[in-house]
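In the two complexes below, chain A is the common chain; its partner is chain B in one and chain C in the other.
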Partner chain A sequence: MPRKAVSFVLPRLGMPQIVALIIIFAINSFLSPHFLELRVQDGRLFGSLVDVFNRGAPVALLALGMAPIIAMRGIDLSVGAVMAIAGAIAASLADSHALGFVLVCALGAGLMCGLWNGVLVALLGMQPIVATLILMVAGRGVAQLITEGRIVTFANTDLAWLGSGSLLGLPTPIVLTLAMLVLTLLVVRGSALGLLIEATGGNSRASALAGVGTRVITIAVYAWCGLCAALAGIVAAADIMGADANNAGLWLELDAILAVVIGGTSLLGGRFSLVLAVLGALIIQAMNTGILLSGFPPEMNLIVKAIVVLAVLLAQSPRLAGLGLLLRRRRP
Partner chain B sequence: MTPPETVPLLALRGFSKSFAGVNALDGVDFTLQSGEIHALLGENGAGKSTLIKTMTGVVARDAGTMQLDGVEIAPRSTGEATKAGIATVYQEVNLAPNLSVAQNLFLGRQPTRFGLVRESEMRRRARTLLAEFDLDIDVAVPLESYSVAIQHIVAIARAVDLSARVLILDEPTASLDAHEVTILFAVMRQLAARGIGIVFVTHFLDQVYAICDRITVLRNGRLAASAATAELPRMELVRMMLGRELREATAARPVSAPRESEPVAVFRGFGKAGYVEPFDLALRAGHVVGLAGLLGSGRTETARLVFGAERADSGSVTARGQQVTLHSPRQAMRLGFGYCPEERKTEGIVAELTVRENIVLALQARRGVLRPLSRREQDEIAGRLIRLLDIRPPDPERPIGLLSGGNQQKALLARWLATKPAILILDEPTRGIDVGAHAEIIQLIRALCAEGMALLVASSELEEIVTYADEIVVLRDRAHVARLEGEAVSVPTILAVIAAEAAKAV
Partner chain C sequence: MNRFMPVLATTVVFGVGFAICSLIYPNFASPRVVMNLLTDNAFLGIVAVGMTFVIISGGIDLSVGSVIGFTTVFLALAIERAGMPPLTAFVVVLLLCALFGALMGAAIQYFELPAFIVTLAGMFLARGASFLLSTESIPITAPFYGELAEHALLLPGGFRLTVPAMIMLAVVALCAVLLHFTRFGANVYALGGSRSAAALMGIEVGRTTVLIYTLSSVLAGISGIVFSLYTSSGYSLSAVGVELDAIGAAVIGGTLLSGGHGFIFGTFIGVLIQGLIQTYISFDGMLSSWWAKIATGLLLFCFIALQQLMLLVARRRRPRASGAGAR
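Entry: the complex of A and B
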């Protein structure tokens, strides 16, 4: 049994991502000699490296939900808005209700959002990009209604612990992300879901003719993504002890999609890897941190990010080998 | 027959083309006279579309010469072919449906003044052009607001106006009703009278005899026949399209299972409007029912209805003595049905998944998400079926897309055998696979039948199907027109039924 667990956690083709992450870490530690330094204070690990993992947690959580969707040739643009909704609910209820109730409400809202998307895509046959665009726009409005247009702050330290506390010597968001990774792996790879998702993404007509219940799976996958997004929203709100409906999770859907794509999942569907999607989220965050450390003006951030992303994608491209051959042949 | 002094309008000699080592065209000659309407016939994969594509420069030919009016031409694109005088109108009209009729007619060559399009001048010229075809329509509205027949005529008008000498019509009548067909035929006759040579690709034999002067039949990439329509009787034509040479293969037929065996599934009045006319069908254990007929006759459609891939709107199904609903492949699968579709690549395999994953897919889908097959069970099932069906290479972890067509087909059979089906529906199980795998799959069909499986096999290979079928349903024009059993199951009888029905319809 343990052997089997290892076999499905191991990335199939993880080399480009791992190499990219190591290179970025190396550049970061060149820019800031203390980057790789770790120290323990009050029974908790501190350091820039820990920071990268901690700051990367929300996008990593989003990527865990996004990867199976993209593997089924879908996309979810609404995750940023769902984060805002969940954050707004958690922040609004935090000081008046028990933590358990707060979490159930926030996560339940995310689940409902995911189900909504899934129903639009699977039952009404809408294109995923359009179907989820609806909630991307409307969701932020819903979040603003919940916060009544204000930035809602709270003082509940139990909820704050989810964003800034520590567990087992690690910041809570890291532990939560790892737990979600393991849970998602168990759900997806421990059941037949992974195979059926990859089959549907690879050839939905063939899968339907083989008896795969593609609709139910589609709805389930979107619902799961909503749940992941809600958790990310709770972590983000807990971190700042407040909810800002306008800015929470803003544009993070793009980072999440990017993380999944960097993790080697094709937007055309098929094979996907949860571990590599999380690794993709870390690559993005490590770059963000590196640019801050370098003292480049923050305006450079997006451009540098674009270049690095292009490099990682090119490294995965099977065409690149062909292109190299072509260039070599052109030379006399 | 042509007097030697007349130069044919278009003469192709020794056209050959192979894709990945398979000969799609093998030394085909084709001659088109000025003012002639020439039918180009053949079943799927006979090489019709490859011939058209090589003629019009869509794909490069491997060998062969082509003369238009005695002048050697070698178009390398449809643009060059059009310039040379060869225009093609496809079944799916290749125009822009959202642009106006006039814009479509003059796309890329709009009359301009100072670089601006002169809309009114363009419309005036469009009206004049369409008047030649007795078509008086508003040329300013989008093309899509007109019927397919008018869209075809607009496409033809555009092609002819681009100084076409040769007009290729690729299945123009497939989506037209009878009245629209007569309109199109009038246009074709008018063009022929103007000296334009027309190549007419169709599956409707009645139309061939109604309008064509000459018929060329392709089979398996070779020229099967080319003759004046009057000299090629319908029966002979059907035989040319379907049969290589008619062997009396009936001797190899196995003894039929006893007729009394209880049917596993019975379909009564089963059908769907506009898809397949209602039919009765009984599938028995150890019994093979063959579906025979020309392309487009409703073979695949029947198979899809029986599997629930297409929802029937009339009739009832009884499986194992109980009335059941059959609305989806999932329901069919739970009743013990399996289905290997004709379109292996688009509806069968999941190319990037491994052979093992493809084999266990249907079984896993039936068990549901929550009862996953362990990796050991998957390995055992895949390994056993790979050995049983001799799938090569015997590597369960290879992506199935890298296997040859025959081995992909075997893997798809394995996918359904893994579910231990009571009824297996095979649509063209031997299409596009090499001779060796061909024989193996036929052997397998016989073996499955002997083990007591009920089979429904749709096939265009008549010599093949008569060797294993206990009963043959002959289809024509999306209806089951005859049921042959026992001694009647033979190639000549099937051909006679297809041709007889064709004759009656005229």
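Entry: the complex of A and C
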């Protein structure tokens, strides 16, 4: 089938997610009339809306790495632990080394973690849940080893800029996330890589027989996820100017998986959309912000999240999809 | 023979580990330490047994830790604030857990949803519900609790069998019978082997799936009761992340996450190995608790690598075997 070399058109499938995000924004601005207000101060954009994008950045970065993995029928439970490791490395090196060196070390560690996961899955044939469970359990221990169990703080303003500074009038995390989104899109959709990933997720054996290098692609995708997680960890550490190995990125792997699933990628593999995965992350963050704004106790947060997951799941359920198709046929 | 290899390996590792520990610390092989190993890990053992059923059937249950948390908060509120007798509260909370598990199982079966995500939603829901009930740690002062905590069976040799340890051993024994000697147990294995084949053989796949998740949640509820006995309190943040320890224990005990293989006894030993690591670290006093995580991760890796190797050998031996595990 002929394909355009580069196509950045939003998939037609994205409507439910966009509508959901708009509805949540509308509810939020109903609850707090100042929600949509934006103002520029000291050359930087401020406002609740910007906050949603800013706070959603780490999960969005994780979702960028997670989406291709889930499309390959995999899963990466270790991203939270990788965030903790990268944050710990960045925070403990920040005051004694140059920024470039710090970033290379932290990102390199993430890459190594991803490679380790990829090798376990692709070469040893482990199930992704188990393979990444190992790093999820051990990784937080490694992070605590790096920080020696303390909360490491740093004063390096260059590193802190990554978390709380601004670029082109936008907070740096937003710019970083956008840049990563564009970069991933260019690599994945600008070439046949995305197609090969989806093929592997659809049927790994058939793809291998058809000549797709499934092993190399699997390793590369996990490595990429590790890199994204490390970046998210650096941003999170830079934001609070410190690293807490116990709590950095705790349970964010679940949020990231949720974001990808809300973005319409099935856990059974196959098609995936990076833009929608990022939108999914924003939907989660917008809900969190909305609950805070509404004055409900933050304890409601988990319940609302659970209900949203269930709603998305039911919308994706093959049974209900069959039912919907039936209804649509009746009303032509 | 091959089937028993992982369990055998786990048992040997536990034996060797225990021997090394008692060589380093002369007081290690005492009745007190052994009994504490059982008491301290009772709640994990109970939950891991339920997880073993779920994993053998080819599923996963991420909600168990939250269900434990919910149970402890519910019990504390029902007994302390509502004045419910403890035994009635136990029955009520177990019924709630059973309903919760049945609903998750039904969602997985009848909406054809992945267990991972359904039980993830269940995890959020149960934890959120316990937050809504109370965010404080509530002490349970009912005299019944004090009596149960004091009560212990004295065995010859100075072994004190506490109530949590008794409950765990009973659960392990009963569930081992249920899994290995009943029709339901056979169905669980069949489901893990292949759902469609099981359905074609006439197994009631739907009923079995619902029952498996119900069992897992009820065991999580029992584990919550034990946890509240152990801590004499209810706290919505208790047992965070226990689901991963339970999965880890099952995997170390030789249960294949792809389903179809595993033993209750293996899981029991897996729990004891995790407990052994913790005990070693507390005996050492110099090592920090994060070494426990690293050691557990390493053990997980070794056991899974071993399993993978055995699968490979088995497949070499039967080159035309089915494509199971190709993915």
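Basically, the second predicted complex is superposed on the first by the 301 of 332 C-alpha atoms of A that agree within 3 Å, B and C clash if a C-alpha of one lies under 4 Å from a C-alpha of the other, contacts with A are read in each partner's own complex, and residues count from 1 in each chain.
Simple rule for what comes next: a residue touches a chain if its C-beta (ideal position, glycine included) is under 8 Å from a C-beta of that chain, and two chains touch if they have at least 3 such contacts.
Treat the numbers as computed from the prediction; the structure is a model and nothing was measured.
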item	value
First, second, both or neither for A:Gly270, with chain B first and chain C second	first
Chain B or chain C, by number of chain A residues touched	C
Touching partner for A:Gly190 - first (chain B), second (chain C), both, neither	first
Which superposed partner A:Val212 touches (first chain B, second chain C, both, neither)	first
First, second, both or neither for A:Lys305, with chain B first and chain C second	second
Touching partner for A:Glu198 - first (chain B), second (chain C), both, neither	first
Contact residues common to both interfaces of chain A (with chain B and with chain C)	205
Footprint of chain A on chain B - complex, ascending	307, 309, 329-330, 332-333, 339, 341, 346-353, 357, 360-362, 364-373, 375, 415
Residue ranges of chain C in contact with chain A within the complex	60, 107, 110-114, 116-118, 120-125, 127-129, 131-132, 135, 244, 247-248, 251, 257-258, 288, 290-294, 296-298, 300-301, 304-305, 308, 311-312, 323, 325-327
Of chain A, residues touching chain B in the complex	4, 7, 190-193, 195-196, 198-199, 202-203, 205-213, 217, 270-271
Contact footprint of chain C on chain A as seen in their complex	73, 75, 124-127, 129-131, 133-142, 144-145, 149, 204-205, 245, 254, 257-258, 261, 267-268, 297, 299-306, 309-310, 313-314, 316-320
